[in-house]
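One chain, subunit A, links the two complexes that follow: it is found with subunit B in the first and with subunit C in the second.
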Partner chain A sequence: MSDPTPLSAADVAKVAVLARLNLTDEEVERFTGQLASILGHAADLAALDLSALKVTEHPLELINVLRTDEVRPSLDRAEVLSQAPAVADHRFLVPQIVGEEG
Partner chain B sequence: MSARRIAAEVAAGNRRATEVVEASLAEISTHDGELHAFTEVHAEAAREAARGIDAAVAEGRDVGPLAGVPIGVKDNICQRGRVTSCASKILDGWRPPYDATVVRSLEAAGAIIIGTTNMDEFAMGSSTENSAYGPTKNPVDHSKVPGGSSGGSAAAVGAGMVPLSLGSDTGGSIRQPAAFCGVVGVKPTYGLVSRYGLVAFASSLDQVGPFAQSVEDAALLLEVIAGHDPLDSTSLDVPAPMLVDRLDDGVGGLRVGLCRDLIEGASPEITAAVTASAELLAAAGAEIVEMSIPELHYGLSAYYLIAPAEASSNLARYDGVRYGLRVDAANVAEMNAASRTAGFGDEVKRRIMLGTYALSAGYYDAYYAQAQRTRTLIINAFADAYRSVDLILGATTPTTAFGLGAKVSDPMEMYLSDVFTIPTNLAGHPAISVPAGSDAAGLPIGVQLLGPALSEERLLRAAAVIEKGRS
Partner chain C sequence: MAELPDDWEMVVGLEVHTELATATKLFCGCANAFGGEPNTNVCPVCLGLPGSLPVLNEKAVELAIRIGLALHCQIAPSVFARKNYFYPDQPKDYQISQYDKPINGIGHLDLPDGTRVLVERAHMEEDTGKTTHLGGTGRIHGADESIVDYNRAGVPLVEIVSGPDIRSAEQARRYAAELRSILIATGASDGRMEEGSMRVDANVSVRRGPDAPFGTRCEIKNLNSLRSVQRAIDHEALRQVMLLEDGQAIVQETRHWDEDAGRTQTLRSKEEAYDYRYFPEPDLVPLAPSDEQIDAIRASLPAMPAERRRTLVALMGEQATESQADQIASVVDQGIDRYVIAAAAAGVAAPLALARVANELAGALSDGGHLDEDTMVVLLQMEEAGEVSATQSKAVLADLVADGGGDPRAVAKTKGFEQMDAGALDAVLDAVIAENRDAWQRYVEGDDKLTGFFTGKVMAATKGQADGKAVNAGLRQRRG
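Moving on to the complex of A and B:
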């Protein structure tokens, strides 16, 4: 496993866009140093030859569990919507998506 | 005051739940202005629940194994209609429309939820300093942190404000604060306790567990919350364990591995406490075997890739649409980003960034997949170890409680305080931190017992031997 290239401020800025976070230049700089330090610690893993091992995604052998197909009570709609930032006509309200650019 | 004794006396009609609740509220009002273990105290609801218990006792009805016992519940465990915010501004004021299964289990057992406890935002931290509500202080020394992320739950029990509390443990968030506050903390086997209603941080690692002042009370609370839950797809379909009745059975014939890799790097006083605990187990009939599992050293690195990766995915749901904070903007994407930027604190942002990076194209194999293979390496190493020993003994933390503010500017330094607790979560195994004395400054020391999946009964028995030997 080759050592990945070091983290740059440009990487951090790009990741912030992917993660839907707006970072100031100062935050980009600070996070670049901190994340590089954490990733640097992971260099010990990069040095291991683990090609013979499978990945563990989960500590249990998960199997798909299906419940019986019957109607059951679900969450109270009014109670759920009462916790949303904006609602209209029993639905979650978001800024307009269709008909705008970007 | 012991939870088991309170419940027995309340059930027998020798003590009123209303009096127990008033005593707990009085302790909270004396101590919590300074300690800040609770984010909210549910005084009136607790009084009403206590009156219900007392009425049930008067009518001769069965009131459950935790009848009248006040308990604190961590702020990431949903209580219907009560603010459950994960100590984050992004969920400020959010009132879940449902109860976590463990909350239902507590209420069915007669326990009285007296307050919601403080934590590091979204359970990300080791000191409870990453809380939007401000930090909790260590009840033993107010200039020190209580540990984290379940610092409020640990401090509430440590200060005697409640006999029991619930926390969650993703990389040590129950055991580390238990050690720092001088109480018992258990991280159960992955899947033993329902996570329905636990706000997700890292789903392959998170587990709910108990804090208590004694091993017996921890066993009692774990019995109440353990068991299969059809609402949690990761819940193990196994019978709930019987723990309290076997607590006094001792450790005769058990082989306990004294694990070098869970001791090296600990302070001399903590190392001495681990040795003394090994001697107590040996005196009670256990065979102590010195051992090493060098693979455990890779746990920290693997964890700080896997947990942030899962967190970055889990926390994508905070988008300003269905719950929590919204900061309005011109379009949906900008609204999402503005809301998340305003709502998440620095540590949460850091982990989301780290996880997003580790999962991104070009880095996935080098970071995330390599960490997942390391996880397999550690699981295999534990499996080898448990072929020759029944339990493993080590330190819970490298140091005792550190000063408030001491590690906030250096995330890596903060992460290192979880180095001994993380391997258990990666393996999905149970472990317990049990008090084992204090250092020269009077700060509590915890020692850690680890076991294979579903070995809770054995772990608690061994912890009881250490507890008894020290008293």
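Moving on to the complex of A and C:
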């Protein structure tokens, strides 16, 4: 195992913040155990000697899947906006995100 | 405010985002167009609707490689990655970017003064949608809310990241200007900063002298013009020096440049530790351009601005003057140096061609219009041969550009700009001298300032049709 540092409750709490999850203390404790077991499985794989194998960037063996630069029809705006929870001025209305104008 | 006090030195690196001049977005067939009606260029892919899948635009790949080659980057096999964050400017809650395997690795950009700036990487990513804050007094809702237009979401970008090699705000401006010229020359971007086609962020820190370790840096966003780049960096470096001189510490953070107020202000603190949790984009396979493709793109690249400037400098014959150097930089930047080259190849004096192209032609073209090189060359030849005066040449040029072309001689004739025959000019010269005997006497006695007076009189009498050089020759001849 390359990283012997055990997963802490603080790690799980940080990941929860990043994922915008509100976890109770009891959930943090429970998920710490579950996530540690998943990481343990990854550590088992990391312990194997894979130096002879090629790195797999993607499960498909394809590269360079490309399309030509030709405009295709977009969706009807009224239909698009009808799916939005809130709309103003033909735009999606969302809670303000401080400082993220642009 | 170009100098920092004492031995302080600023350390600057720039991150430049450029939109690519494709017809469609990076991962879908929606039009890549500026200024359309909001949310009209959107589809399931760029709206992040469930079940939609991105497919990479081959033109965007080609343009990204053109940028990489122009910046002497290593073109490498690359992998797209998801950059995860929760802002509504990306409807997917992640942005598809490149992380540990960018398409363009280490390269460099040489500034006109010879300074070499490292380019750490130039990777591909998708642009965000445009958010507009309605604010507490917003006209639509009273609450603090934002509205989002996703026309820009998914537009292809290349982000060019420089090394921390820049040491002054003026140098940062010159880097951005040179990069802009290069992007335009490659055809990858129109370089229009005012439309957001090219956007600059600056990482700025200060330290005591060139041997001190790097200080804590702040990232300045919203630099929408070359002038803003220079002003904001000067301001930010001085702000940091004043804090440090006052015994305070620099907080690593993102700051917003307010062009009107002329200062930077906190946008968000890095305390919330930005952790984008990049991971490989499972919906896209790796990109690995072949050597043949890279070589073909390299062969198709036109001469870059630095080389084109050198070509024009060489055409000037003698050492180019400072104003000629400015004109050369300007015509290369505008992509109209080809007129000067064509004229010089046809035997026109290069300084005359440069002056007319940098001033009159550039001005006329910027008002909209068109002119082919051959027509410009003919007009310059007419002016050089004295068929039309400088004033007349400019007037003919304006008409030609506005009409998108034409026969310069026919235009000159229509405007009544026929070459004055020598006899007619002689008669006018004699008449002007006869009407101004006192002035002529002083001129003969050596008052050279009166050359302009007599030239003006002749021009007025001939309604500008006389050739300035012929007038001067006639005056000198009569002076004896």
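Note that in this section the second predicted complex is superposed on the first by the 78 of 102 C-alpha atoms of A that agree within 3 Å, B and C clash if a C-alpha of one lies under 4 Å from a C-alpha of the other, contacts with A are read in each partner's own complex, and residues count from 1 in each chain.
In this section, a contact is a pair of C-beta atoms (placed from the backbone, for glycine too) under 8 Å apart; a residue touches a chain by one contact, two chains touch by 3 or more.
On a predicted model such as this, the values are computed, not experimentally measured, just so you know.
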Could you tell me if A:Ala42 is touching subunit B, subunit C, both of them or neither one (first, second, both, neither)?
first
Considering only touches as defined above, state whether A:Gln34 meets subunit B (first), subunit C (second), both or neither.
first
Considering only touches as defined above, state whether A:Glu79 meets subunit B (first), subunit C (second), both or neither.
first
Once the structures are superposed on A, label A:Leu21 by its partner contacts, choosing first (subunit B), second (subunit C), both or neither.
first
Of the two partner chains, subunit B (first) and subunit C (second), which one does A:Leu7 touch, if any: first, second, both, or neither?
first
Applying the touch criterion given at the start, work out whether A:Glu70 contacts subunit B, subunit C, both or neither, answering first, second, both or neither.
second
Please name the chain, subunit B or subunit C, that touches the greater number of residues in subunit A.
B
What is the contact status of A:Ala88 with respect to subunit B (first) and subunit C (second): first, second, both, or neither?
second
Contacts of subunit A common to subunit B and subunit C in the A-superposed view 18, 20, 57-58, 60, 62, 65, 67, 75, 80, 92, 94-97, 100, 102
Can you check the complex and tell me which residues of subunit A touch subunit C?
14, 18, 20, 57-58, 60, 62-75, 77, 80-81, 88-102
Residues of subunit B defined as touching subunit A within the complex
94-98, 190-191, 204, 230, 233-234, 236, 297-298, 300-302, 304-305, 312, 316, 319-326, 328-333, 335-338, 340-341, 344, 349-350, 352-354, 356-357, 360, 363, 365-367, 369-377, 379-380, 411-412, 415, 426-428
Per the touch rule above, subunit A residues touching subunit B in the complex are 1-4, 7, 11-12, 15-16, 18-23, 27, 31, 34-35, 37-39, 41-42, 44-46, 48, 50, 53-60, 62, 65, 67, 75-76, 79-80, 82-86, 92, 94-97, 100, 102
In the complex, go through subunit C and note every residue touching subunit A.
22-24, 28-31, 37-44, 47, 55-61, 77, 79, 84, 86-89, 128, 130-134, 140-141, 144-150, 221-222, 254, 256, 267-268, 275, 277, 280, 282, 284-289
